[in-house]
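Presented below is the structure to which this report refers.
Chain nomenclature is as follows: A, B, C, D, E and F, assigned in order of appearance, with residue numbering initiated at 1 for each chain independently.
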Amino acid sequence: MEKIHPSHQGHSRQEIIEILEGLAPPELAEPFDSGRIGLIVEGKNEINRINTCLDVTPTVVRAAIAQNADLLVAHHTPIWNPLTRINGDNALLLSEILSSGLNVYVMHTNWDHAPGGVNDILADILGLTDTTPMSLGLVGTCSITLEEITQKLHAPLRIWGKMHSIRRLAIVAGSGFDIDIIHEATRLGADAFLSAELRHSVFRSSPIPLLESTHYALESPSMRVLAEKYGWNYIDDPPQLLTHA
Amino acid sequence: MEKIHPSHQGHSRQEIIEILEGLAPPELAEPFDSGRIGLIVEGKNEINRINTCLDVTPTVVRAAIAQNADLLVAHHTPIWNPLTRINGDNALLLSEILSSGLNVYVMHTNWDHAPGGVNDILADILGLTDTTPMSLGLVGTCSITLEEITQKLHAPLRIWGKMHSIRRLAIVAGSGFDIDIIHEATRLGADAFLSAELRHSVFRSSPIPLLESTHYALESPSMRVLAEKYGWNYIDDPPQLLTHA
Amino acid sequence: MEKIHPSHQGHSRQEIIEILEGLAPPELAEPFDSGRIGLIVEGKNEINRINTCLDVTPTVVRAAIAQNADLLVAHHTPIWNPLTRINGDNALLLSEILSSGLNVYVMHTNWDHAPGGVNDILADILGLTDTTPMSLGLVGTCSITLEEITQKLHAPLRIWGKMHSIRRLAIVAGSGFDIDIIHEATRLGADAFLSAELRHSVFRSSPIPLLESTHYALESPSMRVLAEKYGWNYIDDPPQLLTHA
Amino acid sequence: MEKIHPSHQGHSRQEIIEILEGLAPPELAEPFDSGRIGLIVEGKNEINRINTCLDVTPTVVRAAIAQNADLLVAHHTPIWNPLTRINGDNALLLSEILSSGLNVYVMHTNWDHAPGGVNDILADILGLTDTTPMSLGLVGTCSITLEEITQKLHAPLRIWGKMHSIRRLAIVAGSGFDIDIIHEATRLGADAFLSAELRHSVFRSSPIPLLESTHYALESPSMRVLAEKYGWNYIDDPPQLLTHA
Amino acid sequence: MEKIHPSHQGHSRQEIIEILEGLAPPELAEPFDSGRIGLIVEGKNEINRINTCLDVTPTVVRAAIAQNADLLVAHHTPIWNPLTRINGDNALLLSEILSSGLNVYVMHTNWDHAPGGVNDILADILGLTDTTPMSLGLVGTCSITLEEITQKLHAPLRIWGKMHSIRRLAIVAGSGFDIDIIHEATRLGADAFLSAELRHSVFRSSPIPLLESTHYALESPSMRVLAEKYGWNYIDDPPQLLTHA
Amino acid sequence: MEKIHPSHQGHSRQEIIEILEGLAPPELAEPFDSGRIGLIVEGKNEINRINTCLDVTPTVVRAAIAQNADLLVAHHTPIWNPLTRINGDNALLLSEILSSGLNVYVMHTNWDHAPGGVNDILADILGLTDTTPMSLGLVGTCSITLEEITQKLHAPLRIWGKMHSIRRLAIVAGSGFDIDIIHEATRLGADAFLSAELRHSVFRSSPIPLLESTHYALESPSMRVLAEKYGWNYIDDPPQLLTHA
């Protein structure tokens, strides 16, 4: 698909939404995402400049406005819990967004599940080959070391359990340490499982070693690559994280 | 209670909220109003000018902003259905409110139930005496005619059933034609029942004649009287309504 | 279909039920009508005389018995709330019905949805042409005035909102002011919407003017026309209604 | 309490209801009996003749009408499942009841739990002494044999498990083989448990032998004794039951 | 199918499970049996000796262990209520089972519904011919007397209602006195209905006489016949039951 | 409390349970722990030797049996999900436990909430002073460095957010990064919050930096200290964990 050159001429919001729905079809979303994907905050109708991000943080919103963005494409909705009042941090954030006319568009579990989406982009970054899809995420042949994984993800890695070599690595971007998916990975020959936000009880039940990175490290590449592909701008806002071992 | 003179000096929002909570204590609200009363949109901290209204319509919001209001006290929340997205008419309305820093404060079923609240103000306007409270609304002695009721309410009146004279009139401001409350009124000696939004099946079960006015006609006086009492400004925005008989 | 001449020979109840099910197929009913349509009170097996009505009121039941009816076809069931006891007005009404052997048969939302049913008969009475069905009710071209609508419906009409001319009128017999259907009507080109029992919050959200008649005025024609078609007798029992404007 | 002589003068239904509520206070009923006790079918206001029964069967209703009864006091309601239609056997039974003006009054779990009620009357018939109440039913010292129990109950008795002698017998009139109550009885020293409608899985878990009589045999004495006490007439309609061993 | 000779060579548990699933396909089970059929306690992998039983009682378990059984095929699961703790009788029973490596396999409602299963075996024992299946159980022509039925079932029989001759007998092994199935049987021409655990209210509604045997008497033959067919051993543990009439 | 010397004489299980219930009163447990605390597997009645642990892993059970333990006191139940079948790893684990007669006793959220329990022991280890309880966990003055915290917990520490110095540290042993508790800690003056299993969305909402250790590191000290206090033996079985940063 050709690039959308924002400097030449504006597009209608509807045109851009159709492109985004092609990338992350809404019907791929999980039921709990009902009402939480697509156009979440409606601003201007004409779109000249597009930004992407993982989370709609105050830092991201201010950067988008400073860059005169008309549309911010995010992975996580800024309104997860349904609102009956707009106050506190929400009031500040929504006031900035609405005052500037910035549109916010979210692609979440539909982007996780999409071909070429969150998990496929992560697999590319790690150089996985011979991939097999799982109910969420995928298993692929891994030819890099743990050190290299850590470097490519720009985030610390915790290795839980007795690690031998990795030949087949299962990956689920985001919070994917689900015991049923881990068993699925094991049946598909995985000898390690990479995701984020491991719970103790899941570790205790896992038949294979678990590699715990961070939510941001695993999901944000998909929003960066999306921006690069279309000539948009990705706004990075990673968590500050230090490790004492 | 003395008037709050907005021209002299500003009050903090918290001071005003305490006054409003004294008038319509939050603990009097129905359970379904949870999250739908109190400060619904948070704007500026300092309050110099206050408006009241029944509904937070676009007309009302524009008038409030034109009058430099800092706080709009409404009976009906502008966010009844919990929001996971802000679009369409909601986006326009909330954008205007948030951009201007206007606070929106709602007193709903707590104001209906409060002594001196919606129903008591309606009783005053109709000149009811010897009033007895019901589970919602009240019964009082009525000494005016149907024509006079119509005039005082500034809205057409439908009389359902065989009307004799009215000695004791039950009133429930808003949508109060509930068959259990009608029976309660009958037990308390009411020979007519005034409310809004009558349903056919309720009429069929009613032992007494029913007087159907409009929601706006019955509830808006409480917001007008509230404004008058404190030297604030009431913004009127009644429905356009014509009757062919 | 030929007339069913009650004076010549009796029909079995089952024969009549099959005719009624052909007119208003039970499978068209809404789920909430489960157990509330069809034969609601079982009386005699042989049917010589049939009456129709909108509601099974005491007035209607006495008239039906006085006319020696064996079957009363109604739009609204006399047992909406499931009974575990039979007392008060219910005991009186059911006692009269059961003592006389009168059958009561109800066609409700299946008759609303049926081709040639409640809404189509209302459209005929108003002379609508070029009709398009909606999820409930229909939109049609209207060539009569508001005064003529009022006269044909034999009930007062309230016009809510700024009324221009009506070219395309949406109608939903009964209590049909549902905001989703109003939006559907708007998309189909309606410039006004006729139904009954308007709620204030729906009016506030409506993009087109709303014409509020009464439940009885909109639904009873279907029971009168049904009786005329088959040579039965329709028993009229409209609400007493006066308007002060 | 003195007898209510029906031949001398009529009582209002309300007077009789107050007596019955004194015997079986409605507040003792189980929650599932909500709406299923008290005046279930409302007939005449004046009560000259009263009958009692266990079940409101066609046989019982016809006998009550033949005896010119105005009130039938039953243990089991004739409308257990809430009705939205009245047809089949229900239509026949309710038609007979409503046509004759017979009132039907039900005392069920409130009568089970009442002092002097179903279980106490059963204990009297079996001659139990030194009784201790359980959460339902009671435990008492038993000085009669199994043969005598069978004779007094006029129904066959099944003995499940290894029976030694009975010193302390637990009884729950009706369907009371609940494993928690059986354990309660065991803790209270019972060496056998008498009730009706034993399920196999309960037998398998019981630490003491179980005596299974019939529902009718255990509960109907309370309605017979009630009639005798007040000079009313008890209508017996036991199940036909034969045993092949 | 040929016999599985335990003395010659062992089978894997999986082989035996496949045979049992062929007899009682898991997909025939009722939804409430989810998790309660199939391999309930996992023991040894190699199966040389198989026992069958109705209930997994302590008597049965001890007999199975004494006979060096590796697999116990039961009709009723020993873990009906989901366990979060293992104590009391459960601890003793499960300790014996787990210590000995005995496998417990359950076929319950899948065996009830299976062709050649519980109900078909009962029909064979009673010599029913020209059978027609019902939603549960079946109806067949019966040419034996009540005395013969009692003898073949080795348990007392209660006959409820007016018994004429039996030409067509409906049977539901287990606790099958469901009023809907009784009506189904009546429509299929049954003049009596045999099952276990009759409730009084069902008797009151039944249009045909009811024959009440015991749960054990009706279901255990299927486990005995199953054992005989494959050369396994059936462990009998009937309830002790005496009748006083 | 004096030590319980296992070598001298046995105690009844009930005596030991009373001591444990005194330490972690069952009524302090969360509702979701219903059925999941207390005696989870019932073994021998006489207790001579007691072990403690965090999780009932195969490693722990084998060590307890090798040490001839009669009772294993654990923080996490081995049967979290209610069982209707015992198979796979569960069958192996429960078989070892039941065969050996080992009792398993669990103190979970009652031990978390108990004075002197999980959180108080963690506070002692970190040397917190001037502690204030929260709805879960506590806030205290911290005089050690992040390096020292890491050393005392024997597990890596992740610091999320901009860390200044720690004066007041909030701690919740286990998985306690709940946004409401974090806000509670902030109101109580905490400038950092230590717990385990941080989720990305909680981090994004937190007003203070978060210190993420491991579930095992934070909770196991309470079981070790408990053992030391009474002269029992603690069985350590930490997760294998390596960090690449």
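A few remarks follow.
Just so it is clear, contacts are C-beta pairs under 8 Å (C-beta built on N, C-alpha and C of every residue); 3 or more make two chains touch, one makes a residue touch a chain.
A quick map from chain label to UniProt name: A, B, C, D, E, F = Nif3-like dinuclear metal center hexameric protein.
No experiment lies behind these values; they were computed from the predicted model shown.
With contact taken as defined at the outset, subunit A and subunit E are each touched by F. Mostly identical positions are employed by subunit B and subunit C in their mutual contact, as over half of the interface residue numbers are shared between these two copies. Seen from the Cα centre of subunit C, the chain whose own Cα centre is farthest off is F.
One simple way to say how far apart two chains are is to compare their mean CA positions; for subunit A and subunit C this gives 54 Å. In whole angstrom, the spacing between the mean C-alpha positions of subunit A and subunit B is 46. Those residues of subunit D in touch with two or more other chains are numbered 80. Viewed as a network of touching protein chains, the structure reduces to one closed ring of chains, two contacts apiece. Neighbouring chains touch in a ring; in the direction leading from subunit D to subunit E, they appear as D, E, F, A, B, C. Subunit C makes touch with subunit B in their complex at residues 55, 57, 76, 80, 146-147, 149-150, 156-163, 175, 196-201, 203-205, 214-216, 239-245.
Of all the residues in subunit B, the ones that touch subunit A in their complex are 35-36, 38-43, 77, 79-80, 82-88, 91, 94-95, 98-99.
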